[in-house]
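The following pair of complexes shares a single chain, chain A, combined with chain B in the former and chain C in the latter.
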Partner chain A sequence: MDNLVIAATERSPAVDFDFAAGVLSLKGESYPEDASTVFGPIFAALEGFLGVAECRALRFDFELIYFNSSSAKALMNMFQLMDKAAARGVTIEVNWFFAREDETMKEFGEDFSEDLEHVTFNLATTQN
Partner chain B sequence: MTIPANTPPEGEPLTLAQHYRAFKGVLDERGILFSFSGYLSEGILYSLGDTLRQKMTLDDTDLTTIKKVFSVFVEQAQNIIRYSAEKVLGTVGKSVELSSGMVTIGTERGRFFIVCANTILEDDVPQLKHRLEVLQKMDKDEIKAYYKEQLREAPDEKSRGATIGLIEIARRASEPIEFDFDRIDAEKHFFCLKVSI
Partner chain C sequence: MAKSDGGFNLFDAEERVLAEANALRESLAESAPDIRNGVESLTESYRRSVREQRRLVKVSDRLQNQLASVNQELARRKAEAEEALARLREAQETLVQAEKLASLGALVGGVAHEINTPVGIALSCASHLADSTAQMRALFEADDIGVEDFERYMETASDTSQLILANCERAAALIRSFKQVAVDRTSSERRRFDLAAYIGETLASLSPRVRQAGHKVTITCPPGLEVDGYPGALSQVLTNFVMNTIVHGYDPGQSGTLSITVDEPVAGQIRLVYADDGCGIADAHKNRIFDPFFTTRRGAGGTGLGLHIVYNLATGPLEGSLAVDSATGHGTRFTLTFPRQASGGTPPEI
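Now for the complex of A and B:
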């Protein structure tokens, strides 16, 4: 499966999905005009990979500084997709990075993790 | 010594500088950091938002407050871009959608406030009013639970995410949100929403 690498823009995150290594990451900010345009290809690539990822291990690093509400909804869809795959036996570890003093991003991490039953969700602070 | 604005000699009209100094003075007296009125685009949203974050950072505002103010600003501006009843659509090399409205950010009584305003159609008033009234009556925990509930819902194609955006705004507010409608004519109302952080 082809890797997915998309450079960050002013209002959309950097995407680096290394499917061969099983390491995926989203970094930066996300408040595009239309969240479905940005997250559509990301979701499709993740869904495609998880569909053929039986008995594989996957690590997903999130290092997001800010995202708007429609991006939050798209992220929730991704977590629901990952939890279903984890329930089928794919080992999935999520690392949710946030700046030490950033209560908002910490709370978002907690919110998302509460809904996950099968994914291992780690909250971790970054240096900044 | 500062010479007061708006003081032309007896019987003489305001000069150009006096006129605009008085206009800016009205904004300054209200504690306004900046106010944008006119056609908003995503490019303007980005530039204003970036300047807002830089100014707050230079003023040593704590990161969580910066995040809250920025988030309310983005959701409010994107609501204007999506839902303003005054829009200009067309092609200028590429497809362009400009929406008229107003975004104002300032400080009062030690808090930041963000006000957005735009015209909306009569038919859209009842639903928006209902959504805002529901949020206005909720406490912090109820808003948080409501946000999570809406996050799990499938995207509502028609609203392009209005509900979750309004909940995000209410969630970041330090006081209950304030809103009002003022009738313009038979079909349109002036709508404004004020959020304090």
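Now for the complex of A and C:
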């Protein structure tokens, strides 16, 4: 399966899905004009990968500074997709990074983790 | 529900649930009406709720976009304002330097004027002596010198050489004092100096301007009072005070008395009071006279920097304080207080 690498723009995050290593990441800011152009490819890749990832161990790093409501909804959908896959037996660990003083981003992480039953969800502060 | 392009739909899961609810309702067609109606009303509520969610996400996205662009605009304007401020400060600094040079120019003009008189006298005496000598030589070569001729020549030689000597000495003294003032003004060097003598030298350089305006100057300073500090700053302060009085202090044709009074109220603290008996400063202007660019003579040569420079020198290099006391029609009095001995540290820019 091809890796998915998309550079960050001013309004969309950097995407790095390394399927061979089982490490996926989203970093940066997300408030695109049109959520589907940004999250469409991400979703398609994630759905395709999770469909053939039985019995593997995956790590997903989120390091987001800011996102809008559409992006929040898209993230929720991604977590649901991951939780379903985890229920089927894919081992998934999520690392949710936030800046030390960014309480909002920490609370978003906590909210997302409440809906997850099968995914291991870690909150961690970034270095700076 | 319209799907977004690329097959991606934020509310895909919700729409699937609604489709399942519709299928369930159809399969319940044969069941009891209350169950059917119940499922139908639940489905309808959920549909409304999903619609509401979509609407909220859209509204929220729009607000967040607006917020982001407002923030960007804010950052841009802040950067612009900061840049403008930096440019303004630079321009102000340039103007302050130009103003200082201009007042040095006034000093140079004064000195040139002052030196002109003794040099002129010496020149005409020398020329008169040369003429008399040529006449004597002619008489001598004709072997026709009388006692009277010789006596007259001796008198002329003695008078003119005395005048030449005195006036050259006067010119040399002026050059010496000006040289010191000019060096202090441009070098910002710290040194020990006799306060009374230094005030005298600075005022002497300015005296043509003062005399031209018809003003009198009185200086009262304890003799032998030695100060360790920055004479250039003091000279600049006095020059600006005097030039201010000449430009603003009196109505045209009116003249008065400028006074400089120095004492040492507390050991080690010098108090210099500069006063004129001119038209004073209007109350509305009093709080602004030290502000840069404040002038009542804009367009008539005033830059509004003279007293701003005075204030900066008084509180900077001189490490002192400056107060103004003035009322319309009752003259202006500046009180400069500064330590007799400047503290150490790097020499400030003057």
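The working rule: the second predicted complex is superposed on the first by the 128 of 128 C-alpha atoms of A that agree within 3 Å, B and C clash if a C-alpha of one lies under 4 Å from a C-alpha of the other, contacts with A are read in each partner's own complex, and residues count from 1 in each chain.
We adopt the following convention: a contact is a pair of C-beta atoms (placed from the backbone, for glycine too) under 8 Å apart; a residue touches a chain by one contact, two chains touch by 3 or more.
Source: prediction; values computed, not measured.
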item: Combined model on chain A where chain B meets chain C, clash or fit; value: clash
item: First, second, both or neither for A:Glu117, with chain B first and chain C second; value: neither
item: Partner chain(s) touched by A:Phe39 [first = chain B, second = chain C, both, neither]; value: second
item: Greater chain A contact set [chain C / chain B]; value: B
item: Which superposed partner A:Asp2 touches (first chain B, second chain C, both, neither); value: neither
item: Chain B versus chain C as contact partner of A:Tyr31, first or second or both or neither; value: both
item: Offending stretch of chain C which, after superposing on A, collides with chain B (from 24-32, 60-68 or 294-302); value: 60-68
item: Contact residues of chain A, present in both the chain B and the chain C interface; value: 31, 33, 35-36, 68-70, 73, 80
item: Residue numbers on chain A that touch chain B, as the complex places them; value: 10-11, 31-33, 35-36, 66, 68-70, 72-73, 76, 80, 99, 101-105, 111, 114-115
item: Touching residues on chain B, where the partner in the complex is chain A; value: 42, 46, 62-64, 67-68, 70-71, 74-75, 78, 81, 147-148, 151-152, 155, 160-161, 164-165, 167-168
item: Interfacial residue positions of chain A with respect to chain C in the complex; value: 31, 33-37, 39-41, 43-44, 68-70, 73-74, 77, 80
item: Interface residues, chain C side, partner chain A - complex; value: 4-13, 56-57, 60-61, 64-65, 68
